[in-house]
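Paired with chain B in one complex and with chain C in the other, chain A is shared by the two complexes that follow.
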Partner chain A sequence: MNSRLKKIIGSLVLLATLVAIPHFLKFHHQDLLIFLTINVLVVASYRIVTLTGEWSLIHAVMMGVGGYTATLLFKNFDLGMWFTLPLAGGVSALIAALLCFPLFRMTQFYFLIGSFAAGEAIRLVWIQYVNPFGGTGGLSGVEPPIIGGIDFLDAIPYYYLALTVVGFCLFILYRIENSRIGLTLHAVHWKAPLAESVGVDTWRYRALAFVIGSFFVGIAGALKVHYLGTITPNQFGIGFMVFILIWVIVGGYNRFYGPIIGVVVLTVFDESIRSFAEIRPAIYGAVLIISILFLPKGLESIPAKFKAWFGIGSNSDAPPLADK
Partner chain B sequence: MGITRRDILRATAAGAVVAGTSSLPTGLFAASNKTVKIGMNIPMTGDYAPWGLPGLYGCEIIAKDINGAGGVEIGGEKYNIEMVAYDHAYDTEKAVQGYKKLVLEDDVKMVMMLGGSTVASVLPWAQRKKMLTTTLLPSDITPKSEYLIATCESHPLYNVTGVEWLAKNFPEAKTAAIVTNNDAEYGLQSAATYKAAFEVEGIDVVDVNLHGFDITDFAPIVSSVLAKKPDIFCMATSFYVTPLMEQLYHQGFKGKIISCTLDYYDEIIAKTSKEFVNGTIFQFPDFDDPALNDKGVNFPDPGGFDAKFRKDHPNDWSAVSWEYPAILLNWIEGAKAAGSVEPTDVLKSLKYTINPAFVFGGGKWWGSQLWGRDNSVVGRWPVVVVENGKARIQEYRSVSDWLAKNKDVLIKHMKELGLRTV
Partner chain C sequence: MELILQSIVNGLIQGGFFALFAVGLVLIFGVMSVVNFAHGELVMIGAYTIWLLHAQNGLAFIPAIGVAIIVVTIIGLLMERFLFRPTRDDPLAGLICSIGVLFILQVVATLIGGDGPSKQVPPPFHGTMVVFDSLRIPYQRIFSLVVSIVALSTLWYFLTRTKLGWALRAVALDREAAALQGININRISMIAIGVGGALAGLAGALMAPLTNINPHMGHNVIITAFIVTIVGGVGSLSGAVIAAVLYALFHTFVTVYFGGTLATICGLILMVVVLIVKPTGIMGVRVSE
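Up next, the complex of A and B:
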């Protein structure tokens, strides 16, 4: 069987699984599946930012920007979901573009701290200005659409809707990563001096990655708010940002699918330890430490390790332009 | 004279005590009974846990007593009460998941919640599934929220009774400063109510300090407020009563202190002094208070309940310890009257009662003027003052009477603070 056929069959099996899975879940796990699907887009969009080597702490807040945009558009202008989704992404991207000017004067650790400060400033605006953002209590009353008699308040229809939107966004993100732009982003990370020497404007590409990531996470925020119906600043605090980091680090970030594996495995794991409510953060911390110690390249590196142990194929789990 | 609802409730509790069964496991009794499940979708972990978990403990005590006494008769059949709780940790995602689990998987007949954004996130489902849902924040009620009721705590309307009492007993206090957290769910609602109550009593509000969350140092806040020299320091639903009280103590405040809640006041006394805390006015009584034996009170054996609670959970008593149980008792009464445990029947039965059995008596349905629907019960509410290190009810005052005279003042202040009215 050639590899193309294998890929087609694999994709069909994955698609069939994704379509069938909600029908085998309990009601409240169907909700979890929706949030998981949305979080897949969150981590995938975060990965595009990390491609340039910059790790930010503002991604959760940019999701909130999308969520608040969708909420305000829905409540004040009665705009439906098909308008709020792209506009939410657009506003997130616009805010990100404005933030590029102060933030990308910094790199590495300073960028990390700067992005955290900028994110907290945005969150404080939501908290401080009860009108129009609702303060700590946030806003409510956002409704999912009703299309052709299908009420998307129900979990299964909304899951299919979210799956379609997220799948489309992942396709675009994948294409970007494998385009000339994506390769340049890798180059900015791994061979920045060389890239600059051939005329690549590294500032512009780092900013571009940040804006693209914010656009897609803004859509994720809108998807979430249209299902939940409410939005509060606390949903996008540092706690959620830490979860994003853990998902990406544990899953691995050298491959497109690494963060996705991370969010799926850890969400299932998190739900399975629900009964340990108060020590869940400690368990998460332990998982992160163990992961870094024993799987420094994340869960995505497991197949390569197996192949290496059994002497099958090549052991290539490094990104395209990484120093070997 | 016929048997009143209160008599039924008292008899139920008394039966449990006489039977001497309350300390035995619920499931051992009345095995032939049917079981009706009541859901609690509340914060049991995290910052909001003190306003969730003690309520579950309280409901378990009530359920155990009722089941031990043979259950409750509804529509000619005996039922045991089973509490089913879900910890949403005050997170809207988890609140939706928890609500669906309780309603669609556990088949509960009512869901009790704290309020705020977690309630807003489940409202479409409450409406869709016609599920009776309760909140402690009537401001969650909207014109559309047919199945959301607030039968116990009418937060923050009852705060007006404390101000009335203060003005009557300390007429020399003429200025007040309000401190609260800046949020539309708790703090601003309360601030607007206190402002209205002070205005009605002719007390000038010299400062309204809206502080943020995650504050660790309250010294600057208290200093700046005390610089305005208020006669009254008012904590309107601040989540940070203990550190504020500590600062007032350290900065030598000598005026009157009024607060919505004074949870864990024994800890405050330990950190300050009994003399300092004495005289503090608030709104949530201990249930060993003799004044709760007042015949208008609709809560069976409050002293016995208080003793059981503190024996099983010595450090967990909070404002909600008796509130969720009071809602559970409302539901039982509604179900008995309806002869059915189905949510729509119970709601209809409760709403049909013009004078519902409000926990402190004098209850009536109210809310359309403020929130667009008469789904909140207001009635008498106690004014509590710390005396010799112990919370003691001074008197009951009528919230509904105050609203009848002053609702326009309240609405004005709600609007001024940007809060939704209708």
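Up next, the complex of A and C:
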């Protein structure tokens, strides 16, 4: 069996599983599945920002920008979801583009703190200005679309809708990462001086990655608010940002699918410890620390480690161009 | 006029707290180059210790402060030994580990104090000092201010007049060169996080009677500490103290006239502006690679 055939069969099995899953779940879990699908887009879009080696703390807030854009467009202009999704992404990307000018004058630690400050300032603006953002209580009354007689308020149709949108976005993100732009982003991370010396404008590529990531997370924000119906500033606080970081780091950020594995595994894990209620965050914290100390390359590095132990195949742990 | 004077006094007292925890954050970042995201939670644990020992179990206030300092210092030392030391080559890993600690400490606080409303600690020092007939300063706040000043002066003496303090500053300047001179980096790191933890514990203990205590109070603390650290210049202790006092005055005035949320927004914008215009802060020194 050649590898091409294997890939096609693998994709078909994956697709069939994804389509079948909601029919075997209880209502509460169907809800969770939709949020998981949306969070997959959140982490995949965050990965494109981190490709250049800069870890921002504003990604959760950019998701909120998308969510608020969709909410305000829906409520004030009665725009349907097919307009709010791309516009939410567009506004997130626009705000990200404006923020590039102050933020990308910094790198490393300063960028981390600067992005945190900018995000917190945006979030506090939502709290401070009750009109139009609704203050701490946020806004409500956003509805999912009704297309061809199918009411997407129900969990299963909305799941398929979210799956389609997220799948399409993942495909684009994957293509971007493997395009010339994606390779340049890798180069900017691992060999910045060399990249500059051959004429790559590293500032521009850092900014580009940030804008692309913000565009897709804005779409994720709109997807979420259309299902949930309400939006509050606290959904996008540092708490959620930390979860994004945990998903990406526990999953492993050297490969495209690492963060996706992270969010799926940790969401299932989180659900399985639901009975521990109030100590759940502590368990999460412990898992985070343990994975940093003992599995610094994330869950996705486990197969490669096994292979290395048993001497099968080459040790392909290192990301492309990772020889810093 | 009265309002202005009162605000200045309140701002100065607030500045004392800000300086206590910001200086700790600067010390830890300077010596270990790790951003301790759990620093706000260290302050929170200090406040919880006071609530548990003083307000709930009747231990006198001053011994309770001592216990709070010891508890938080031990947490800090454990963090250095088991989290920051193994991840020293990777600053991001240290940061992520401190976020893990943040979650754990918040749960510990919830388990100790329950989920309910914020806790209050009745001020152990009663009475109010009245100056010029109109300016009223509760003795509790005066006590906090005096203790903050004493603690910061002691730290200044330690860093500038003792051999250990010099060693600590040498490590902050250049870790490898310091190691080559025979300075034990592990020991200095323990001292840095010990001092930082002690100051955070003290800040939490002093704040306890003046604020609402809940498991999430660390959030505002860390935001303030970041603003103060950046405005003061990363790595500059005197800058952090000056920035703490200035920012506290600024924050108090904006809060009095426009509200607390807007004050924080202004602070964050101020921080971004400083990062752009003068990334070295008011007292920082340009460091070349």
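Simple rule for what comes next: the second predicted complex is superposed on the first by the 323 of 324 C-alpha atoms of A that agree within 3 Å, B and C clash if a C-alpha of one lies under 4 Å from a C-alpha of the other, contacts with A are read in each partner's own complex, and residues count from 1 in each chain.
Keep in mind that, in the parts below, contacts are C-beta pairs under 8 Å (C-beta built on N, C-alpha and C of every residue); 3 or more make two chains touch, one makes a residue touch a chain.
Values in this document were obtained by computation on a predicted structure and should not be read as measured data.
**Q** Does chain B (first) or chain C (second) touch A:Ile127, or do both, or does neither?
**A** After superposition on chain A, A:Ile127 lies in contact with both partners, chain B and chain C.
**Q** Name the contact category of A:Leu112: first (chain B only), second (chain C only), both, or neither.
**A** In the superposed model, A:Leu112 contacts chain C only, not chain B.
**Q** Please indicate which partner A:Pro281 is in contact with in the superposed arrangement: first for chain B, second for chain C, both, or neither.
**A** In the superposition, A:Pro281 contacts chain C only.
**Q** Contact-wise, after the overlay, does A:Leu228 reach chain B, chain C, both or neither (first, second, both, neither)?
**A** After superposing on A, A:Leu228 lies in contact with chain B but is clear of chain C.
**Q** For A:Gly89, decide between first (touching chain B), second (touching chain C), both and neither.
**A** neither
**Q** So in the superposed three-chain picture, is A:Ile249 touching just chain B, just chain C, both, or none of them (first/second/both/neither)?
**A** The second partner, chain C, only.
**Q** Pick one for A:Gly64: touches chain B only (first), chain C only (second), both, or neither.
**A** neither
**Q** So in the superposed three-chain picture, is A:Gly298 touching just chain B, just chain C, both, or none of them (first/second/both/neither)?
**A** neither
**Q** I'd like to check the shared interface: which positions of chain A are touched by both chain B and chain C across the two complexes?
**A** Chain A residues touching both partners: 124, 127-128, 278.
**Q** Applying the document's contact rule, which stretches of chain A touch chain B when the two form their complex?
**A** Residues 26-28, 30-32, 35, 124, 127-128, 130-131, 134-138, 140-141, 143, 153, 155, 228-230, 232, 234-235, 277-278.
**Q** Residue numbers of chain B touching chain A in their complex, please.
**A** Residues in contact with chain A: 44-45, 87, 89, 91-93, 96-98, 100-101, 104-105, 116-117, 120-121, 123-125, 128, 181-186, 188, 212-213, 417-418.
**Q** In the complex formed with chain C, which residues of chain A make contact?
**A** Residues 55, 102, 105-106, 108-110, 112-114, 116-118, 120-121, 124-125, 127-128, 238, 242, 245-246, 249, 278-279, 281-282, 284-286, 288-289, 292-293, 296 of chain A touch chain C in their complex.
**Q** Using the touch rule from the top, collect the residues of chain C that touch chain A in their complex.
**A** That would be residues 35, 83, 86-87, 90-93, 95-97, 99-104, 106-108, 110-111, 115, 219, 223, 226-227, 230, 234, 259, 261-262, 264-265, 268-269, 271-272, 275-276, 279 of chain C.
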